[in-house]
Each structure stands twice: as structure tokens, then as C-alpha cells.
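Note that the chains take the letters A, B and C in the order they are written out, and that residue 1 is the start of every chain.
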Amino acid sequence: MTEVDRRDFLRGAGFATAAAAVPTEASAAIARPPKQISPQAVGMLYDSTLCIGCRACVAACKEANKMPAEVPATLTGWNENTWDSAEDLSGRTLNVIKVYRNGTAEQKDHEINGFAFVKRHCLHCIDPSCVSVCPVGAMQKDAATGIVSYDPDVCIGCRYCVYGCPFGVPQFDFSSALGKIAKCEFCRHLQKDGKIPACCDVCPTGASLFGPVKELEREIERRTAAAPGTPYQFPRGKIGENRPPNAATIPTYVKGVYGEHEAGGTQVRYLAGVPFPKLGLPTVGRQSPASLSEGMQHTIYQWLIAPLVAFVGFAFLARRNLALHHDDDAPPSKEG
Amino acid sequence: MSTAAPLRRSLVTPTTLVLVALVVIAFCFLLQRFLFGLGAVANINPGYPWGIWVVVDVIIGTAFGCGGFAMALLVYIFNRGQYHPLMRPALLSGLFGYTLGGFAVIFDLGRYWQAYNLLLPWHAQLNSVMFEVALCVMAYVVVLWIEFSPAFLERFGFVGIKRILERWMFVIVALGVLLPTMHQSSLGSMLLVMEYRLSPLWFTLWLPALFVISALAMGYAVVMFEATVVSKTFSLPSEHALISKMSIVVGWITVAWLVLRFGDLFARNALPLAFIGSISVFLFWVENAMFLAAALVFITPAGRASQRASFLGAVALLAGGSLYRLDAYLIGYQPLNNWSYFPSVPELMVSIGVVALEVLLYLIFIKTLPVLHGDAARR
Amino acid sequence: MDATCNPDIDFEACLGPNPDEPVFGGLTRRQMLQFCAGIAATMGLSATAGVRMAEAATAPARPPVIWLHGQECTGCTESLLRSYHPTLEAILLDVISLDYHDTLCIGAGKQALDYKHAMMEKNKGKYVLVTEGGTPMKDGGIYCKVGGKTQVELIREAAEGAAAVIAIGSCAAWGGIQSADPNPTGAVGTHEVIPGKLVINIPGCPPSPYNFLSTVLYLLTFGRPPELDQQNRPKFAYGRLIHENCERRPHFDAGRFALEFGDEGHRQGFCLYKIGCKGPETYANCPSIGFGDVGFGSWPVGTGHPCFGCTEKETGFRKPLHALSTVKTLTPPTAFPQVDAEKGKGISIGAAAAVGVVGGLVVGAGAMLLKQMGDGKKSAPDETKERV
């Protein structure tokens, strides 16, 4: 009944995405203006080519956010909660390393007969859907840092944020009677003490790099501008902080920076040696979904004029017509 | 004129006993859900955070409850008083559709104990379509109970209150038309944020219009369906004459829906997608075939005249409208990270229990309150 | 000893008539067989091969060895001096006939060199040449001379009549420390001095003496070199990454790293990857056999120092000590969640049945209603209407 034939659907989507998408002019006319990134916005750069799959970030994330270990049903036979082995983001996992594997999987960052790692967590959209759809404002975007945070004391658990996120990030903990939404908040509790997000703090190679989005953008430019094979000092931890860099060489990157334009842009950016869709990063257009949905709502309900006019009209007609049929319901029962 | 009266039938029948059993089973599973969490009962998962409890019980359930909305529009706004005998049964089905939809929302909410935050102005999030839907549905449930309250007042003889109520009924009626228009269209708007995860066969800027028009069509269909089923079941005089007159309206609404649906698909150049072999595309055609079948029945005089065809047309419209909602929310939706979903048995039993409760309460109400127009007094 | 018997099955039978007779460097026949069985096991050979090794090693005609030193620190010889089962002197005096060794010679000067030449003449085509140290090639090789001859000349001269050539240590294998940038003397490994001739490389700084001894015994026994990798390193010793057998590997997997020398993580014995350990790109058996026969953990990483990759030409002396290594795991571990893994519970039999029953009820009820229609009959008892 509700099982989708996903492969077919994907093929279908690929077949006519360009043609069948909502016409940009119509969509742009309705959408409200896009939101702009804050000048002090903080973000992360994840360079898949630097990632060695050690999962230090996953372990550190669990510890920093006091999340329990997760063992998928398929592994409980041999893994009795000894190793955290989350399959995906969930109500108990804010950050996960996954692998792309093809053929013999012999060469790292090769699409054919190769493999590559990918890190999944919240991208902290510039114009986040979750913030836009939450009916009670449990999701908030910080005006300065741009961190998208969650307040469990306000949340009603409707899971519209889970359904509406174009990246599949916020997750509800279904396994608890008092479950709540879980999503990466850039370790804002650690940042208060001047620390950096745990995943970037422990990353041995600098694959996860924290810092102001502006500086990360410059770093991305430097990396993509350099010729593959050039020796390069990859910063670690937080950009601009004086940690010893990782001396390596510039790899061959695929074209583009994931997160630069997706859904109106995000504060987390990805560089990779394998096409982004292969890494399981969803193909998302440039317009932020929130701007379209809010634009439509505010077009229909601007100043509540349309509903009020409709109400007055309905009331007038109903009053007139009710008077005509006044005694419709009159007979006070008792018959049979 | 009208002579609505309680049906003199026994409350305890095999049917009601089966319904009670189904409701009890559902409540057992709900107890499990409240003790051990949603995951203990339902198959919903990170890829499909909304299952049938949302889509069937609330989104389809409230569309089934649109009878009151559709009839109020016809009778009070477009001044077609001749259909008034259908008004109270329609309101009753609306009452249950919406009240139980609201009830189903509570057990689907992950943090239900904080649901009152929806009503606190400092938590209101005006950009959220969900916020608008929630407030509108809550308000409409109250409106429906007020609209239906004359039945209670008559039954228990509060004539004075009934008179006061009738003086202000036009406000309630106006709200009873406005609120469903708002939130049924917003059920479509809720999908606008799914721009990149919903198949282009369903995603369009016209989603609000398609949802409100199909809700209206389903509202009439449910009235026709109920009138037929009830008259057959309780051997009451057939309302077919009335229904067949009304069905031309339904026919043209359905045609309008189909024109908008396919016109939009054509304009967006999305039709080629409908010729790819997949389950979702198959269901797309089933859904639209249902609407087309209903339209064909209701716009042809022969179709309207035949009681059998009209009944089938109403069923097709209800099935098509339900499938449209199911497709838009679950089947045409592309989950991330390769998740799949099919409801679990407990999940199904809860949804079945909600429907059983609805039917059970409907039977109790028509047997104890003046809802139906009995044998003796037909217009 | 009977070369066909298997000491795993009947050890005593393999010993022959006089098991306690001293045969070899003070070892009895019994002890010798035990030693060779151990060596064979190290190399992954069968126990019968151990018997054959013991046989070859105790044969009256000991194979002659010529050992040349180039640019080096004699560390490899020092390492070899610290082998304990058996001791080096037992090997040198009884297993092989070390006819010439720049450091361990009794004679000196012309006397020693004349003896070397005499032995090379006498054993032409039969001796094993061992080189230790790099060979300078720049300016005609003048940066390393013995007896007035350059190292290049000495190696080419000795290699001509050699049955096999073994390069011991990283210097002999590919130049070692003196070949590091800017390589002022143009130092190279032995195989570049005598192109076309097979040189078995036993790299390491220094290498484990047992990797060398095992190779020599294999050569003696089977008359051919053991299986070698692409860089001519015996696979039994250089077949696996240090990272694969490292005792600190669980810390790597769990994400626990030392961040600097002496920090909390370092004191806790966490993974040294972040402070430059080259274990993930270095092939050697150090974590498995250790050094100095003093027990578990007696190797650099075991004592808290990151591996510096001495057995890898591109790593040791070339990459900075702090630089991160490239993790050369052949394929990603299976335990990672796949990007395209299918998740979620499918349709269950119960759910299908429930949907079927409800669907059937609806269709059935509808059909009954339809039957009643049109013919104008009014009847039927209470009837459920269900909907999905």
C-alpha cells in the first residue's frame, strides 16, 4: 500500500526532473525573498577525501551529547551493545559516517571500483525548513551564529521537521515513550565554554573542520584552486586556530561544493572525490523549500484579508438564507 | 417541513459488538504506545516519520468529515434549501471525522503532553502551515459541535437555548464554511515544503486548490454514500431523488478537479513521468481513474438516475480522494536514505479501531438523537 | 634426522638416534630441531620444513657468506648480534661460514681483503652476499671506500659470483637516511647498483634479526628465495600493515587518540595516529614479533613512539615524523553503514492479512448493498460499513 518502488521513482525523477519541476518563474513569484547568511555564521567543512573512516567523530559526538549507543536489529545477534554501530541518523545518533562502495572497492575516492566516506549531520541551512514548519517554534535559528537549535520543552512531537527537512536530518526517538527530536546543534553547549564541536575537535585529519563560514569558503577556494598533487597544509580542528596542520597533497575533487546552493545554501559544506549523489547526499535545488511554503501561506493569508472578506460574505449569505429556512429543524422531536 | 427523529432500533447488535471489540483492541495497542513509545507499536521510521496514523486517520479522516462543510456551503451559502434533510447526517459524520481526527493526532504526537503549547500565543509560529491547520481544526471541531448541538437541545428539550443559538447560527455557519476551506487547502500547502522530496506527479503550486476541491467532492460523496447505506441498512425511504439532483454539482466539481490536475501536469511538462513503470505511477492512474469514473457517472443523466451507479460513483470519489491524499503524503514521497514503510499490524488495528469508533458513535447517535428524517416525513 | 617425518606428529621420531648429542653452537639435536621448527612456523611453513632446515643448517659444508658495509651505522649488525635463539655466534660459526664481514673480522687490512678475494674465488657461484648500508653513486662513488675501492666497485665485484644477494636494513634496501633529501652523496640501495640481479630486501632500521635469519635459512633449505612482494621484501615478514596487528588498533577504531607526547591520551596508551604514526601505511611484522626477545610490546609503538615507517621507501626518512599517514586498508571495513543500504520493515504477513480482511469486508459490504439497490427491495439487517 505505502511501499514505494524507489528505484523506479528515482529513475523517473531523473528522467524528467528538469522539465517537470515547478516552473521557476511561477515558483519564484510566490516564494518570499531568500534569507541571507549572517556575517558571523559558523559552519563546518567536511572533506570526504581527507576522511579515513576512523569514526572518532561519531564516538566523540555520542559522548559530547550524551547519546546512547545504537545497535540496529540486524546486528544484535553478535553486538550486545558493545559497539555503537548506528546505520543512519536517528533519534539517538546525531552524526554518522557512512561508506560508498563500488565493485572491488580498492581505491579510496574513486567512483568505479572504489570507496569513499561521507559524514551526515545537520547542515544548518541558511533558510531552514525545520524552523519554518515547526508549529510551536521549537526549532530556532540563531540570528548571529546561524546555529539551528532545538528546544525539547516546547516541541509537541508532530515530526513535521523530520518529514520536511530536504536532507533528512532531524530525527525523532521512536524507541522512547518520552522521545524527542535529535539533531546536531554544532555542540552549542561546548561552544559556550569556548570549545569547538566535538567531531571537529577529534578529527585526526582535518576532514571535519569548524570555523566561520566566510573563512571556510576561502579555504574551499584555496583547495579547489590548487592542482591535484600539490603539497598542502590541511588545517585541523578550527580554521585559524594554531593546531599543527595535516601535511598532505591536494586530491582530485569532483566539481562543486555541496551545501553552497542546496536549499538556499547551508552552513555545512562538502568537498568530495566521488559525485555527491553517490555519497547519499540528496539532490536538492537552489530555492529553499521554506521560502516557497511561507510565500504561499503569506500570499493567501496576508493580513488575514482574504479569510476576513470570505467570512463576512459567508456570514451575510448564511444569515439571509437561514432566515428563509428558519424553521427547518423546528419540530421538537418525539415522533417515530 | 423537516422531521428529524431518533431511529427506534436496538443499540446492541452483532455489528455494534464487533465494533466495540475493534475499539478495545485499538485501545490495548494505544496503551502499549503510551508506555513504550511510538516505535513499539508503529513501523514509522526516520525515512517515514508520518505513517497511517497521520495520513489515514487525520488527513484522509478529516476529508471524510467534509460532509458538513460541503452541505453547509450548498444549503446555506448557495441557498439550496431543498437539500436540508441531508444536513444533519452530514454534520454528524463531520463531527466524528474531525473529533476523531483530533483524537488520533494526540496519540500520534510524540510529545503530546506539551500539545497545549499550540495555544500559547508566545509559542505561535505564524510561518508554519501546521500551526494554521492545528488551530483551524481545533476551532472547526468546536464549530461542528455547536452546529450539531440543536440535535441535543431538541432531544433534551432546551428550547430556549436553541432559540438563542439559532439567532447566531449564521456566524457559526459562516465559520463552518470558512475554516474547512482554510485548513483543507492548507493540508495541501503542508506539502509545499516537500519540493525536493515529492514526485512531480503530485508536487505543484496548485496543491492547496487540489486539496480543497477534492475535499469538497469527497464531502458530497460521503453524504451520498451515507444516505444510501443508512437508508438501505435501516430500511428507510431512499433519498435517491435528492441525491441524484445534487450529484450534478459533484460531477462538475470532479471535472474541475481533473481539469486542474491534468492541466497543471501538462503545463509543467510532468506528464511523461506518468508513463514510467512503477507502483507510484500505477497508483497515480488508479487515483485519477477513480475521479474520472465518478465524473462520468455524475455528469451523465443516466448515471445520475441509476441508484447503483450513483453509489459506485460516490465510492469511487471517496476512494480516489483518499488515494490522492495517501499518494501525495506517502507514496509519491521519496524517503531519504532508502527507508521503506508498511504499517504494522498494531498500527493498522489502531486505525481500524478509530474508524470502528466513528461508526459505532454514528450508530449510537442516530439511534438516540434526532438526526435522520424518518419514514413518516419525507419532503 | 629424517627429512620426511613430521615433528608435529611424532617429534621423537624426527630426532634420530642421538637426540641429545650437541650438533650446533652448543645446541643439542633436540634443541636445534625445536629452533628450526619455530623459524619455520614464523614463516608460515610446515613443521617438516623445520626438519629440513635443521638438516641444512647442521650440514657439514656451511654456505659461505660475504658481508659488505656501505653508508650505515652498523645498527643492522647490532640488531643481529641481539638474536638469542640461537645466538649470533652459533649462526656465524656453525650455520653459515661468515668468510668476510667488515665489522666482525678477526683479521684486518690487506690480510682481511685478501682472504675475502680468496674465498670469493674459491666459492664462486655458491656464496651469499649480504650488503648493509647505502651506496653513494655521486662523483664516481668516492664518498665510501674500503681498501681504495669504492663501494660501487666492491658490490659489483662481489655480486658477480654470488648465489644470492640480501640487502639488510633500509639503507641497503633503498638508500636509507643518507638518501633523504637532498641526498648529497647520491646514495642508493643495493639493487640499483647491480641492476638485473635479484636482491632480497630486508628493510628496517634496524630490521628484526629473525626476518633476516628466516630468509637465510629458507635460502639454504630450498635453494630459492621465499615469496617476495613487489619491492622484493619477503612476504612472510612484510605482508601485512603494522596497523592490522597493532595492539593499539582498538583505540583507533574507537576514536581515542594521543594528541601530543605526554598528554593524557598518550599516557593512557591511545592510538598514536594523530602524532604521526605511519603504521597504517607501513608493511612489517613488528607488532607480531617485537624486538630483543623481551616480551610483549617491545617495539616502537608498544613503547609509545609512533611508527616512522622505516620499512617503506616513501615513508621512513622521507615523510616528516609528525605527518599523518595514508590509511592503506585495502577495502573499507564491512561494519560501515552503506550509503545505499535498504532500511525499514517491509510488509508483514499480519499486516497484509489485516489490509486484505478490511478490503474484503468493504468490497463485500458494498456488493451486498449494490445487490439490494435498483430492485426496490428494502430489507437487510444491520450492516457494517467499513472504509479504509
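The rule is short, and it goes like this: a contact is a pair of C-beta atoms (placed from the backbone, for glycine too) under 8 Å apart; a residue touches a chain by one contact, two chains touch by 3 or more.
Keep in mind that what you see is a predicted model, and the values were worked out from it rather than measured.
When the C-beta pairs in contact are tallied for A-B and for A-C, the bigger tally goes to A-B. At the far end from subunit A, in terms of centres built from Cα atoms, lies C. Closest chain to the protein centre (all Cα atoms averaged), using per-chain Cα means: A. Remark: subunit B and subunit C have CA centroids separated by 72 Å (rounded to whole angstrom). Subunit A and subunit B, compared by their mean Cα positions, are separated by 33 Å.
Our note on geometry: subunit A versus subunit C, Cα centroid distance of 45 Å, whole angstroms. Chain contacts: subunit A has residues 1, 3, 88, 280 touching two or more partner chains.
Within subunit B, the positions touching two or more other chains are listed as 45-48, 337-338, 340-343. For subunit C, residues touching at least two other chains, in rising order: 340-341, 343, 346-347, 355.
Listing the residues of subunit B that touch subunit C in their complex gives 13-16, 18-19, 43, 45-48, 56, 64, 225, 228-229, 232-233, 235, 306-308, 311-312, 315, 318, 322, 337-345, 347-349, 352, 355, 359.
Considering their complex, residues 1-6, 8, 34-40, 42, 44-52, 75-77, 79, 81, 84, 87-88, 109-112, 114-115, 117-118, 123-125, 127-132, 134, 150, 154-155, 157, 159, 166, 169-171, 173-175, 177-178, 181-182, 185-186, 189-190, 192-197, 199-200, 203-205, 208, 267-270, 272-273, 276-281, 326, 330-338, 340-343, 370, 374, 376-377 of subunit B touch subunit A. Within the complex formed with subunit B, the subunit A residues making contact are 1-6, 8-13, 15-17, 19-23, 26-27, 30, 88-91, 129, 132-137, 152-160, 162-164, 166-168, 171-181, 263, 280, 282-285, 287, 289-290, 292-294, 296-297, 300-301, 307, 310-311, 314-315, 317-322, 324-336. Within the complex formed with subunit A, the residues of subunit C that make contact are 252-257, 273-274, 280, 320, 322-324, 326-327, 330-333, 335-341, 343, 346-347, 355. Touching subunit C in their complex are the following residues of subunit A: 1, 3, 52-60, 83, 85-88, 96-101, 104-106, 115, 117-118, 202, 204-205, 244, 246-248, 278-280.
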